[in-house]
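By letter and in written order, the chains are A, B and C; residue numbering begins at 1 in each of them.
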Amino acid sequence: MSEKKEKQAVNEFNQVMKPVSLWADAWKRLRKNKMALISLYIVSFYIIVTLFAPLLTKAGIIYDYREQTISNASLPPSFKPAGQLVIKKLEARIADLERTLEEQKAEEAANGPSGSYGFDFGAVPGTETETADQSAEVDPNLNFSLDFGGHGTDTESSSNPLVRELGYQKEALEKVKTEMNTNPGYQKVYVLGTDDLGRDMLARVIYGGRISILIGIVGTLTAALVGILIGSVSGYVGGWLDNLLMRFVDIMYGLPYMLIVIIIMAMIGEKARGSFVILFVAIALVSWLTIARVVRGQIISLKNSEFVEAARSMGASTPRIIFRHLLPNTLGVIVVFSTLLMPSFIMNESFLSYLGLGVSAPNASWGTLVSEGVRAMEFFTWQLLAPAVAMTLFLFCMNFLGDGLRDALDPQSKNRT
Amino acid sequence: MARYFIRRALSLIPTLFVIVTLSFFLIRLAPGGPFAREKDVPEFILQNLLKRYHMDEPLGKQYLRYLGDILRWDLGPSFRYRDLSVNEIIDKGLPVSMTLGVTSLVLAVVSGIAVGIISALRQNKWPDYVAVSIAVIGISVPLFVMGPILQLFVGMRWKILPMGQWISVHGIKAIILPALTLSFPYFAYIARLSRASILEVLRSDYIRTARAKGLKESMVVWKHVLKGALLPVVTYLGPAFSGIVVGSVVVETTFLIPGIGRPFVQSALNRDYTLIMGEVIVYSVILIFANLVVDLIYGLLDPRISYK
Amino acid sequence: MTDEVILQVRDLKTYFTVDEGVVKAVDGVSFDLHKGETLGIVGESGSGKSVTNLSIINMIPNPPGKIVGGQVLFSGKDLLKISASELRQIRGNKISMIFQDPMTSLNPFLKISTQMIETIVLHQGLDKQAAKEKAIDMLKLAGIPAPEKRIDQYPHQFSGGMRQRVMIAMGLSCNPEILIADEPTSALDVTIQAQILELMQELTKRLGTAVILITHSLGVVAGMCDTLCVMYAGRIVERGKTDDIFEDPKHPYTQGLIRSVPRLDKENADRLYSIPGQPPNVIDLPDCCPFYPRCEKAKDICRKKYPPVTGFENGRAVSCWLYAEETK
């Protein structure tokens, strides 16, 4: 056999033995799982972007999510500057109006003058069209007439609201065209479109993610801590305490706890509802159950191991045994279930926000954004799809990552592929 | 066996009691009475209202009165909808919600197990990857995203199925989209669960024995594997039904279904005490009963329990 | 035991591919089995005994294992080459296998009757009723009291020893030519062990079944087996009649094994002997005699090359450089 370096351990056959720690082993296994690895990258990307969002805004890479540019309201996603999109929108509206007017005219020609031009407060049905000059005056007894009169428009009458609107739109179109290169608002590029108040969807989604992910992380940590505490004490001490706690867990498991959370959140009142803390507590209250059970299970199976006996025989106290000996060995399970808890937490939070019981304005989490998007989904689909896809992708990757971690840390586990 | 059943049944009574009591005190003690929203009501009218709903009595007395009412199944008048009683609201909506819930559950279970089986038997081949991915999507897409998206595409754009409202309006087609939405996450979880369970059983010693006896693989799977592998799925049915109940609140809202889920959030926001209480009790009873049935089924299926 | 050879294993090789390398669990195993013979395979954990057995009926889980070479000749066919359906006709029927842990080897969700009847119906073509009667007969033979009642029970209603009796009954129900028993008593109490072994011996002698018995216990072997194969690190290091081997163990490993058995007839309470060292980690084992690190009599060549088989009279064979000619 060839010579081996001194430092490496060698077995009786002169084969090199590589020492492998649990984590290194797990990392190796995780790396092999391509989907989990991709998920890890995606999740990290999300976390980094949302974490540094304020910096990115300051640096001008993303727009400020609070900034409302009404003239840019409800623009579809595009790489073109906003001005062009506004123009397109106006042009589409104008064409639409013109077409409707054509149809009206045709109908009139066929059936005689129709009586209604829509809501018209002052005009008498069948009134002749006014001349351009007369329409220059604004008659306060009529409804608002935004007829600028005489600028080469086709508007003949201020009694037909469609015609008036046509005029207005054409005016607006001209205005935009002239301001295209001077107004900075029109030069913005909204990659994910805008909402109905002209706020950049990309920025809103990123900041929404910031809130959702933040809630997810903090909430998961809280729930995990509670779960670990209760689970480890229950498992180690055993006896009536264990029985009591586990009965409690069983009862809570059977309940439709989200319904109870809904009640709690609704009862609390708007002022308190805005507080994140209450939100954490409410959701965490029901999320610690699985972790408690899992930790308890691990502790029970480990507490009679020899290393625990050894520690006890050397006089270690109970808390010491729990924290320094048992828990590090349960770290694997804790990590796995925490990773799987986070998407669940975020789901619960966005569920509440969707119903209006979670994060309140001006803060918006992904749930809030989806809720707003649903209202607009028929015409402005991207307002729904942007937050929906962003959130789903994140949750998907977290779940995959959690699965991957579970396989990596415990290859004997049931869910192994 | 009968003892097992009776024991399980009895243990649920304290649970119900806890829920009822907890809800009562929770709601009574929350800030802001039911009339907090109304404009300033003259004092004597306020007193009359309070009296009518017995809210002027000491808390303990209210509680006892409340317990008595429940035992008689009189859930009281709705605070919000003054001319409707809670019983009426629930009577109208409950069959609808139950239909939706049970349909979703059955859909989830049947398709979940089917996909789980296919996936496990074709492990690591493409049907497996597809199934696993769909399953992960299923548990990642929230209900309130899935619903509107289905509405948007299947209902609005492609106009295949009705976008909302119930069978009375659109016929049986109306149940498809809401049931699909509601069942999807549970279908996904059941698929994963049954897949994992089948894979684990396939590795067990007694399957090795079955193969060593020369049995055909199909017989091994159908006769030997499935019975044991599906037990964890039965256990999951309890939490699944619970989740469907919670999810129905959102789905009913999204699809405008006249069940008892839609009034639920409203009643919470409106502080319609009696309606919330009534709903909580109804939900709890349903769930407790469902859990009991699941336990029973499990006990029947697992010979280690039914033959002591 | 007759001279008729019913099973011939030739140079069987089964390898497992794991992340760290290739585990040569069985690396060139050869032996013959005669009609009615009880052959013991002895070795430590990890020596390859169970894998050998599973390989014989071609039941190695395909990833990560694979039978990469050799032949298993039975009834004129090579079991490693025949079709799956032909193989299924042999399993449970001509060659039966029972396993170590009766708690987990029986399906907890099916009645005993179901599990026994399906084999009989499958292989012997009887109808359910007739098959049930046959099964009851087998249970009676296996010493289960009130078999007509107990056959309709579930496995968890039997004790450990009873369960193993059921397994044996099930294994012998189709009157196989060979019964392979993989450590059938290791999971049982010592007192029950003796009963089960006695039962096996009696039934197989009565039915004329050949037995391959895998065990790590020399005591079991001494009582039951006509011939013996000693396995180490995936290979057979010594083979021969049990009595011969016990009288005159040739391979240092065998000698060590026999020395390790505590004996009542030794007066002085000497320290119990155990073979120094550990069984090898068989991943990527180099070409050498795998026992050399623990061998008192190791020579230089033991480190470099695997020793060839040296034959002796009466079916005796050893793989050891102590007896083999070193060819350069």
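Criterion: a contact is a pair of C-beta atoms (placed from the backbone, for glycine too) under 8 Å apart; a residue touches a chain by one contact, two chains touch by 3 or more.
Predicted, not measured: the structure shown is a model, and the values here were computed from it.
Could you say which chain's mean Cα position falls nearest to the mean Cα position of the entire protein shown?
Taking the mean of C-alpha atoms per chain, the most central one is B.
With contacts defined as at the top, give the pair, A-B or B-C, that has more of them.
Spelling it out, more C-beta pairs touch across A-B than across the other pair.
Report, in whole Å, the distance between the mean C-alpha point of chain A and the mean C-alpha point of chain C.
Whole-Å distance between the two chain centres: 61.
Can you compute the centre-to-centre distance for chain A and chain B, using the mean CA position of each chain? Integer Å is fine.
25
With chain centres taken as the means of their Cα atoms, state the distance from chain B to chain C in Å.
53
Give every residue of chain C touching chain B within the complex, in rising order.
57, 59, 87-93, 96-97, 99, 101, 104-111, 114, 118-119, 122-123, 153-154, 156-157, 167, 170
Which stretch or stretches of chain B touch chain C in the complex?
By the definition above, chain B touches chain C via 204-206, 208-216, 219, 223-224, 227-228, 302-304, 307.
Using the touch rule from the top, collect the residues of chain A that touch chain B in their complex.
Listed in rising order, the residues of chain A that touch chain B are 251, 253-256, 258-260, 262-269, 343, 347, 350-351, 354-357, 367, 370-371, 373-374, 377-378, 381, 384-385, 388, 391-392, 395-396, 398-400, 403, 414-417.
Show me the residue ranges of chain B that touch chain A in the complex, using the header's touch definition.
So the residues of chain B touching chain A come out as 15, 18-19, 23, 26-27, 30-32, 123-124, 128, 132, 136-137, 139-145, 148-149, 151-152, 156, 192, 196-197, 199-200, 238-239, 242, 245-246, 249-250, 253-254, 264-265, 268-269, 271, 276, 280, 283-284, 287-288, 291.
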